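Two complexes, one shared chain (subunit A), two partners (subunit B, subunit C).
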Partner chain A sequence: MTGLPRSYADRDAIARSFDLFGFLSRYGTVIALVLLVAFNLAFTRNFATMQTLNVNLTQVCTIVIVAVGMTLVIATGGIDLSVGSLMAISGALAPMIFMGKILPIGSIYLGVAAAMIVSVLVAGLLGLFNGWLVARFRIQPIVATLVLFIAGRGIAQVMTNGNLQTFRVPEFQWIGLARPLDIPAQVIIMAVIVAAAAWALRKTLFGRCILAVGGNEKASELAGIAVSKIKIAVYGISGLCAGLAGLIVIAINSSSDANLVGLGMELDAIAAVAVGGTLLSGGKATIIGSLLGALTIQLVRYTLLANGVPDAAALVVKAGIIALAVWLQQQHRG
Partner chain B sequence: MNRARLVRIIGTYGVLIALAALVLFGFLRYDRFLSFYNVMTLLRYNSMFALVALGMCFVIMTGGIDLSVGSVAALGSVASALASPYGIVPGLTAGIGAGLVAGLINAILVTRANLMPFIATLATMQAASGSALLLAGNQTVSVSYESGFTAIGQGNLWTFPIPAAIAVVAYLIGSLVLNYTGTGRAVLAIGGGEDASRLMGLRTDRVKFLVYVASGGLAGLAGVILASQFGAGQPIEGVGWELFAIAAVVVGGTLLTGGSGSVVTTLAGVLLLGILFNVLNFENGMGWLSLSAYWQSVIRGLFLLAVVLLQARLTRRRLGAL
Partner chain C sequence: MTPPDGPSPMLLDMRDIQKRFAGIPALVDASLSVRSGEVHALIGQNGAGKSTLIKVLTGYHRKDAGQVLFEGKPFEVHSPHQAQVNGISTIYQEINLVPLRSVTENICLGRERRRHGLLDWNAMHTEAERLLSRFSIRIDVRRPLGEFNTATQQMVAIARAIGFSARLVVMDEPTSSLDEREVGVLFSVIRQLKAEGISVIFVSHKLDELYEVCDRVTIMRDGRTVRSAGMKEINKLELVAAMLGRDVAAVEGHATAFGERDRSRIGDAMFSARGLRAGQAVRNVSFDLRRGEIAGFAGLLGAGRTETARLVFGADRASAGEMTMEGAAYHPDRPADAIAAGMGFCTEDRKGEGIVPEMTVAENLTLALLPKISRNGVLDESRQREIVERFIRELGIKCSGPNQKVRELSGGNQQKVLLARWLAMNPKLLILDEPTRGIDVGAKGEIQRLIRGLADQGLGVLMISSELEEVIEGADRIFVLRDGVSVTELEAEAANEEEVLTAMAHGTSASSEAAT
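Right after this comes the complex of A and B.
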């Protein structure tokens, strides 16, 4: 990032020798994941079971969904700190709608449909607001999204007066509890979102524009890309993803606590994106990488917990892994 | 010409004007707003945030960011609570020491490993939080009341709260360092253009190193005050402090891109956000409206929005004037 460019002779020499760092940075996440699985197969009891797989997948789902939106935002060179708060807002809003607190809705199906659509859309609109601040006023993304990070959770708390909302509404909770074909519903949702985003980023004009904006904003603007629109769109998508993740969290918990839903999610998602190999400065991004990054972090935590290491120590290890992963990527770039 | 000057004055002193206006509003509207008790309580409570924001201010001026301050403060509070039975000095040493170690790790990650400050301090944040929980055994650690440790947070210097006095001293030192030492000028130069500063012969890495270590130490000190003031080391406290500190620094008019900033206006930013909450409490007490405590974050967010929008306009105009 800050180093002066090396000479071409230097670069050639590096290219000829076996590029260990380059190899590690490209496949590091996959290698780590494979090593972790191998370790668990050898040492963790009952690891090779469907239950383990399901536990890990269901726990990682919301992080992955948020990380998909985050990846797109980071690909444009931005960042979205507000995702956790947007999760809290959609998580607070949905029960209020389907429990008829805002206006009574006769049919529960209609109520649930309205709840899902409205709360995800509200989160998306707030995401657009983030994008508007970034694109229209050229406010740094970290500050622009800090506004909703602070205010968003407050809004959710004010909406519910800080109270816990509990519910038993199977018509709604399928999103976090149903198991078609023995696969948790949220895992299917996650897979669809990951696939769609990975395809969009690679194959569509929109995706290429995102990467172009992150790579060189001025050049993209001069090349005729509607930079502002692209930016506003990615923050909107990030908001939608956060809103959906919020719904899944409250469906799993059968309750919505505005103080807790999505707390710390922004950092988990950013960590997943960084470990996955997306450049935090923008211009290079991989959705599958973010998925693998989230899985790696989750599996590290699971491995440590399953082998009797306390959760607090797992946090320290996780921190080390994030730092190491990003460091490895930088060796490749430098 | 006059207008450009006006803009510059608002940009620099805007937060001071807003602070003065808010204090005047509170003074005129509420009987006990400027009462001795209210002012001292406000200062005592906000001194922790002031210390954290001071470190953050320096980090931001170099163009970096320190997300770890909240959990480092929590770690500091636990360490000092554990050392508190041995007296004031061991308590202080443990808390500040823990903070310095965390700051040192940040500094090494940023300057030696060349990690982006955002990611480096994000990792340290999690590590510090985990370490605090491990040290504390997943619970709050009560401090010793016999050793006099609680004086740091609860005591008075004549009638002035000790933690506020600590913060005042820290800000004086910070202001002197920034304005009158080579290191201070280098901080601003690095934020303005790191490559240029290095090519000019400034030892950029050393300055950045110092800044992160200092931020860690100040967060540790804030943790000591936290433990001492509330009688317990709290491993899960400090969540969101980093963003509060960033907000205070931004409200204080320091640009997040680095290269410019002021210590005094950062203090004003901290006080402004603190008083905003205080005013809300008084307003509730008057009974005209009843806003729950949850409104404070909404209002803080809106306030931050207003400041940021204003800043965006001002900087663009300043650029336009050039």
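Right after this comes the complex of A and C.
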């Protein structure tokens, strides 16, 4: 019986350490972000300037927009590897339309409007195709979206014959270059998308269904939720987000290179989601977390670069942060 | 218990085996004796300890206490592979071979023949063919195992066991995925094994099969061996009674909290099903349900009760049969159709397909209700709170509040949340599959009283329970299912345990025979 009090003490100790892990997995990203800002304020020159803020925000925008769609997909227990390729397709298609290569459009405004709408919708439709593979044929999401991950960039290259498209069309490029009220346009777009998705996930029927499907698919089906439709929808939304991000990238660059637009984006987006605290197995997701996750990764990279550490080394640190975030999740769950 | 007398010596003798998992006893006092060349049936309800006992034997689990003698010597193995090398092979329900590799590779896996350091395929193919020919099975052993049907795969698994010179083959529900012809082939293989002096432990829920192929039977209940006898010395009724822990002669008093039934409340016909069929599990099930009535499904494991409930709720599709709901033809393609028709379904698999563990009590409770508490796709949170708080109060769900994670609740309270999920829909027909399984006595009584109260208010309830007293005292009418067929219908007032047990065992009861 002497063992009894000790085992209780052990259990208490375990309970306390679990609380610590729970705390870290919930607020770890915020803490990391605060620490990074504090470090930079102390050691990085010219950190507390509008310019630094703008540089970081404009760089992180596309990752955040894609990560929003990715968060919804991951919340259902899936994953979308095709986002980078869908960015390339939308980025290749838009200039072809507004430069009149497909069919001549008289008004540049009409051309730009058509380019934006059509290329984002095409990316959305390809997203629906991903969802259809996952829901209809029960193909594992990682395999289903691998199809367009591989084929998508090829399609973009075929569309452009592998040529670089350069342009100078302010009517289009406001999406990446305009600064109303001194705030970059893409930051406003990002903020609107983040706010809308965060609200939808928490307050709408659709958001609740996404979390239910990811949390327990069989239970959701038995509760009358149209599981297939929900899955198809989230991949469609992920495609739309990727399409929009593709437009922003080419607007900033004044050019579109099917080989480069969105390259590696799927991994950046997944990393942001994971660091943000969304459960990779589904059922628990936070849009704001993904935003903070993306900001953290961006700020780590900026901090290292601003202090003379090369980009290659920054990648290692990024990997370390992802591993730490996933490990914290595991601890909290166990 | 039984001294090793009779014609053949004792091959296996497991005595007083005890095993606990995290302090919870799985085996309390389990014994099993098998003679050489004997086919020995091992039966018991879910959770009786059959699988645990088998896994102790095959080295999958370590026993806490007790003795195992194999061929008269103490037998101590630490892995299924070690058991196999020492003469005990197990054939599982799901065949655990490698479907993409050839039959030969599967049979010879782990003891490949070599010549000059290279694999000797010709010798191995010949050996595989030789082993299979002992059971009159001639197939192309070079083809991948996965190309053959389940029965053939099972034969391959058996051949593999014989190849390891097994003296005891354990078969865990081998017939559950076989059709009748395939079962016939399996039985002839078992008889062949027996003729060669190899013993078989045969785990099955299908009583007829036991009488066809087994020599002796050991019955387990609650982690104990309750009886061991020759198949000729025990009839089906005694077998079922021993499994369920019922004394055939004695009828007990009230063991549940359902209370008195008020038959005057039972209304007109609401639902009916005729000749339902789906796969091997549901072969011909008919039943009907009236308003305010509790219909009970009784039957052994594998009788097709849950499968029938899933057909009614549209979770699976029936291949034949007619259903009507409130006078109209009813053909659900998906659960949403059943819900639209006013049905609810509390699953037996609470964790697997009931709760969403990461969600809160409130979110779980309103899962089926979502379309009704949202306007233009936006959730009405004040309505949600109102409904959730009402059900927490009415059902006495013990939780810290609507926002507590449902996984932190006890089993009984999780079950109440699931009940509330459907009651909030205001259903006309509620299907309850094992509504009180795995929950403590107090919560059990509360749920039973609740079910009765709901029926008194006009809800039609279809209740599946493996606890006999729950069906007999709770239900107004009892439908007995046996091997996927609804064999008889009993008025609960007239029914007693013996009648229900008889129907479960034989497919007919004294009263239904008298009636027809």
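Keep this in mind: the second predicted complex is superposed on the first by the 316 of 334 C-alpha atoms of A that agree within 3 Å, B and C clash if a C-alpha of one lies under 4 Å from a C-alpha of the other, contacts with A are read in each partner's own complex, and residues count from 1 in each chain.
In this text, a contact is a pair of C-beta atoms (placed from the backbone, for glycine too) under 8 Å apart; a residue touches a chain by one contact, two chains touch by 3 or more.
The structure displayed is predicted, hence computed values, not measured ones.
A.B. asks: Of the partners subunit B and subunit C, which touch A:225 in the superposed model: first, second, both, neither?
C.D. replies: In the superposition, A:225 contacts subunit C only.
A.B. asks: Of the two partner chains, subunit B (first) and subunit C (second), which one does A:283 touch, if any: first, second, both, or neither?
C.D. replies: second
A.B. asks: Going by the contact rule stated at the top, is it subunit B or subunit C that touches a larger number of residues on subunit A?
C.D. replies: B
A.B. asks: Examine A:38 and indicate which partner it touches, taking first as subunit B and second as subunit C; both and neither are also allowed.
C.D. replies: The answer is neither, since A:38 touches no partner chain.
A.B. asks: Considering only the touch criterion stated at the top, classify A:216 as touching first (subunit B), second (subunit C), both, or neither.
C.D. replies: second
A.B. asks: If you stack the two complexes on chain A, which partner ends up touching A:152: first (subunit B), second (subunit C), both, or neither?
C.D. replies: First partner only, subunit B.
A.B. asks: Looking at the overlay, does A:327 come into contact with subunit B only (first), subunit C only (second), both, or neither?
C.D. replies: The answer is first: A:327 touches subunit B but not subunit C.
A.B. asks: Can A:208 be said to touch subunit B (first), subunit C (second), both, or neither?
C.D. replies: Second partner only.
A.B. asks: Touching subunit A in the complex: which residues of subunit B?
C.D. replies: So the residues of subunit B touching subunit A come out as 65, 67, 109, 113-116, 118-120, 122-127, 129-134, 138, 194-195, 239, 243-244, 246-247, 250, 256-257, 292, 294-302, 304-305, 308-309, 312-313, 316.
A.B. asks: Per the contact definition, I'd like the list of subunit A residues that touch subunit B in the complex.
C.D. replies: Answer in residue numbers: 1-4, 79, 81, 133, 137-140, 142-144, 146-155, 157-158, 161-162, 263-264, 267, 270-271, 274, 280-281, 310-316, 318-320, 322-323, 326-327, 330, 334.
A.B. asks: Inside the complex, what are the residues of subunit A that reach subunit C?
C.D. replies: My answer: residues 203-206, 208-209, 211-212, 215-216, 218-226, 279, 283-284.
A.B. asks: Which residues of subunit C touch subunit A in their complex?
C.D. replies: Touch residues, subunit C against subunit A: 313, 315, 334-336, 339-340, 345, 347, 352-359, 363, 367-368, 370-371, 374, 377-379, 381, 421.
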